[in-house]
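Each of the next two complexes has chain A plus one more chain, namely chain B in the first and chain C in the second.
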Partner chain A sequence: MKPKAATIFTAYLLLAPALVLMLVFTFYPVLYGAYLGFTKYTAANLGSNTPPTWIGLENFRTVLSDELFRIGLVNSLKYLIIVPILQIASLAVAVLVNKQLPGMAFFRAAYYIPVITSISLAAVMWDWVFTREGLLNWLLEFFKIIDPSGSFGWLLNPNTALWAIMLVTFWRGFGYYMVLYLGGLQSIPSELEEAALLDGANAWQRFWKITVPLMRPTILLCSLLSSLAAIRVLEEILVFTNGGPLNSTYTVLMYVYQKSFGLDFDYGVASAAGLLLAVVGFVLSYINFRITREDPPKREAKA
Partner chain B sequence: MKKRWLLLASAFGALSMAALAQNKVQIEFWSWYLSPKFDPYLLGVIGEFQKANPNIEVKLVDKQDTMERDLQAAIALGKSPDVVNLWQDATAAAAQNNLLAPINDLTPMNQLQAQFWNNTLGMFIVDGKNYGYPWYGWTDQGVMAYNSEVLKKAGITKVPTTIGELLTASKLIKQRTGSYGWLPPVKDPNGASFLGQFYLEGLPLFANGKAAFNSGKHVALLQKFIDLMKGDFIPQDLLRKEAFQLNNEYYSQGKSAFIVGGAQALVRVKDANKDIYSKTKVVPAPLGAGGVQTGGSMSLVIPKASKNQKEAALFAMFMTNNKAQVQFAKLAGIVPTTKGAENDPDLKAANPNDALDVATSLVSGTGRFITPGWNPPKNTDAVYKNFNDNIEAAFLGAKTARQALSDAVAFWNANAK
Partner chain C sequence: MKTAPVKLIGVAANYLVLSLIALFAIFPFLWTLAISITDKTVASGVSIFDFPQSLFPKAITFNNFFEVYRVFGLEKYLLNSIIISSLTVIGTLVVSAMAAYPLSKMTFPGRDLIFGAMLATLVLPSETNFIVNVLSLNKMGLLGTYWGVVIPTIATAFGIFVMRQTYVAVPDSLLEAARMDGATEFQILWRIMVPLSRPALTALGIFTLVNTWNSYFWPSVALLGADNLQPLSVAMLKLKGQFNHDSFNVAAGAMIMMIPVLVVFIAAQRLFMRGLEGAVK
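Let's look at the complex of A and B:
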């Protein structure tokens, strides 16, 4: 049955406020930003009040031939390593804190605290962890993993700085994804679990055969959000290293940021770099959908 | 009858007063990182200005990290502020992008020259035109504050008077007490600090308009600092954080012995650690072989898009005048960029035992020596980034000092505009 015209009208009417807001604050800026990527548009345009001039693919050539952009892209892609680790860890812990045991509410809250901690505060704290006289080196020395003469500042070593910042991302994101997973877990009917228990499935089997398949939509959502956040990492870089040492933490968004808000104010080039990053984001989303897609049910009768 | 006339007249008077009030010009002034600590000061000066110019009203807005972005956005939206606090690089960039009104069109040159030292006016000249009223300044050297207790513990009796002596003393202090001595700027994120080190030692930066900071002497100086960092006589964090900030942090915690800089650094020490502040003594800063100082100043600029440029110019001249800057120097230890501050009785140290008082009086007359040391290229972003990347590579051992400097020179000469 087709819905009545009045019903459709009401539906759109109710959607209108949100749509208008999105049009103004999301779609328009995104499309205009994309357009700027093909134009010459700098602070000088603002000064002389002239509109952007179309220059085709020129900005993309500039960006792609810039070694800094390539370094940024490699680092941003490297940053994706954090995604599977973060997702597996937060799903696992979500399963644990989902148990009806005394004190679980405390853990749920505790894991969430980093999410609501501001990055500037976190920066001060992690600084104490990562400096040469910091907590991390102290721990490693305590467990005799390194000796005191080998200690170094983690954010000052081009081989470790990116990993150190990834750890902060992990710490900040962990509670957030855990809560999302927790929500997903609580929507799984307990009957399924009980039935599996009666059938003699062990904990591992129940996790893989019941929890994971039913959690697929949540896993897709979380890993998608997390990989997009990873390639767009900026805050952590800005507060900890500014892209150093030796550009080892220089990400694509750092490049975009410096092109647009450094002294260059080259919005055209920055938009082009942003667009290229968006393409990477699309590819990642596609891969995510492919990996977590539900397999078509196999119900062939076996003779 | 007479009464009625009087009534009518006073009614007219009231009306015209109201009309006048409505005709008040409102101008918007953007300060940079001064709120909330200096709100009372700024509002005080604004109050005096409004009293002297009853038809102008000044609205104060303090901007912080996002200043330049906000300024561009405001101009693009047609809501430009009228007077804006920028700094040298930002003034140059904004002027090149045609965002600013040349101030010599608004204030006669002789008035500008009567109020400010020429060297400070010169910092804001772009393509032959003045774009900034010099506001509060600083010298990168200025004074040296030292923690007398740490020096005593290290057995240092002669306070260093040259940078060479300062580095030697720093080494001794680290060996004997475990505290650092001096934390020299080597790679501040918003500049090219090491060029400053060359400049202080009197090493030429340019020859025939080309970058030329890669001679044997330049290499040796860089190597000297690299060795200091290798031996942990200066902390490695200097590669990651601004030296000004790090010096404050370490000194206030008793983890370093010297602060070289303007008096404004001591304001923060005083707030952070009273005990260390009381042990602090102040002397003129040690200089390098060049015998020169570097420094800079803030500017007040007027956007071209401002609708009240005439009033804005009046206010900018008032905010930056000698009286207001001397007042500010007493509060914040800044270096006035105005003529006359060097002889101002208000800036003589009232209390010879108070570090900040001594420091302020020592630096207050140095406005005429403020110089950035060299003219930055127009595309500082790319050029300074490359320079700093090379300096960092040398400190981290990824390149030799010689290699790093010749790479930096090559890039500079190929790319600087």
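Let's look at the complex of A and C:
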């Protein structure tokens, strides 16, 4: 049966708000942003109301020869180190709270609280941890790991600032991935675990030989999400260090932000840098999908 | 078989590890809470870095809360947060509830294409969309207004999928019966679909509320130069700068921002633990 004209009209009427908003604020920015990457377009254009002028690959040349962009790219890629640590830890935590013991609901909830904490609140609280007289130094001195005379502010030291911020990313992230992993864990048949127990496998062996292989699809999905978030890290940097000290926490999106609204108001160059970042993101996704597709789990062959 | 004592030690070790992780997760809140209620006027003087005493305040007061409220003018930012969050929640619910209906229960040309395009937004690189969105808002004259912050964020594939998922579960026979009785599609949506999907609407509303309340980057960019419209999440850093030497006030301000989120979270815990992402499968 062909739908009536009135039905079609109603359908589009109901869809209209979502469609218009998505076209204007989701699709258009991707396309127009890509176009801007190939043009000269700055705050001066806005002032004189002149349209962007096509300059080909000029912006990309500017960006790629910019020392700051290179620093940003290196730092964004360095941030990927957080991914395996965060994923393994989250999976391990999920395994822990998946046990049938009383009080697990409390622990799950407690671990999720950092996830619902605004980054600006995290900045306020963690600043007190990282400062020279802060909690972290006190703990390290308490356990005699560092000497009080050698203490420093973790966010003020170019060697430690990025790692300190990664710790906050870890803190805000592990509860989130824990929930995703819990969903996957509940689909693992408990007989497998029990059989391994009877065979005398310890917790460590069960984790690496049963949980990790069976959770592979979830692990890969979470790793992808986590990797994309890592190379796109911006908010943490803005609230903690603004890219400093000595650009040691300067990331690619920080570059895009400073080029656009933070400092230079050069939308063309900022968009070009954004496009390059998108390419990095696509490469990461592609690698991830390749890993997901090929190499089916070997357990089938063995069984 | 393991003997009872060994088992007991295992369980104890489990709880020890769980508790240490819990401490890692929530110590910043406990510490901030302790600082916020510390009486800073005691003669001997107090420091927030005086461990471990600063975690267990001797004299308790709520003065820091009143002081930060009055001196910093916190009510302005609190009101901004409430306005921006309410508009965003209402907007998201209306737009999503409407758009999901034709996508789940009506047949019309272009449906699959539209649905596919919405799916695509999940993988589009959107991290630099803020550049063009600010330029667009500027052209529309909405930059530096509440609406400028709200409008670009309310139509999301996520919200539409959550609603669509619920609508799909509503039996077609129910809709057919209503259509036989002469109900229009709008009436079906309003009288049948919306009441039946109240749990999903609540879930989506709560997620949107918490996300908007906490969001930092987008409101800070969309309200560049309109400081008096900033939500609490953005003003928090200004607060930190202004009271650099009075951490007690900063902690009180932080608690004021965190408590509503905590209340919502505790009330709707199950929702978060289930992971709404699961609903979009």
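Some notes on this structure:
Keep in mind that, in the parts below, the second predicted complex is superposed on the first by the 241 of 303 C-alpha atoms of A that agree within 3 Å, B and C clash if a C-alpha of one lies under 4 Å from a C-alpha of the other, contacts with A are read in each partner's own complex, and residues count from 1 in each chain.
Convention: contacts are C-beta pairs under 8 Å (C-beta built on N, C-alpha and C of every residue); 3 or more make two chains touch, one makes a residue touch a chain.
Quick caveat, the model's predicted, so the values are computed rather than measured.
When both complexes are superposed on chain A, chain B and chain C clash.
By the touch criterion defined above, A:220 reaches neither chain B nor chain C. Of the two partner chains, neither chain B nor chain C is touched by A:210.
In the superposition on chain A, no contact is made by A:196 with either chain B or chain C. Using the contact criterion defined above for the overlaid structures, shared-chain residue A:128 touches chain C, although it does not reach chain B. In the superposition on chain A, A:43 makes contact with chain B only, not with chain C. Of the two partner chains, chain C is the only one that A:33 touches; chain B does not reach it. Using the contact criterion defined above for the overlaid structures, shared-chain residue A:116 touches chain C, although it does not reach chain B. In the superposition on chain A, contact of A:261 is made with both chain B and chain C.
Chain A is touched at more residues by one of its partners, and among chain B and chain C that partner is C. Using the contact criterion defined above for the overlaid structures, shared-chain residue A:247 touches chain B, although it does not reach chain C. Counting contacts by the rule stated earlier, residues 46, 131, 261 of chain A appear in both its interface with chain B and its interface with chain C. Those residues of chain B that touch chain A in the shared complex are 68-69, 72, 75-76, 89-90, 93-94, 96-99, 189, 236-237, 239-240, 304, 379-382, 385, 389, 392-393, 396, 398. Chain A meets chain B in the complex at residues 42-44, 46-48, 131-132, 153, 155-156, 158, 240-242, 244-247, 258, 261-265. Of all residues in chain C, only 11, 14-15, 17-18, 21-22, 24-26, 28-29, 31-32, 48-49, 51, 94-96, 98-99, 101-103, 106-109, 111, 114, 117-118, 121, 123-136, 138, 151-155, 157, 160, 184-186, 189, 210, 213-217, 220-221, 224, 233-234, 236-237, 239-240, 247, 250-251, 254, 257-258, 261-262, 265-266, 269, 272-275, 277-278 touch chain A in the complex they form. Against chain C, the residues of chain A that register as touching in their complex are 3, 7-8, 10-12, 14-15, 17-19, 21-22, 24-30, 32-33, 36, 46, 93, 96-97, 99, 101, 103, 105-129, 131, 133-135, 138, 171, 175, 179-180, 182-183, 232, 234-235, 238-239, 253, 256, 260-261, 267, 270-271, 274, 277-278, 281-282, 285.
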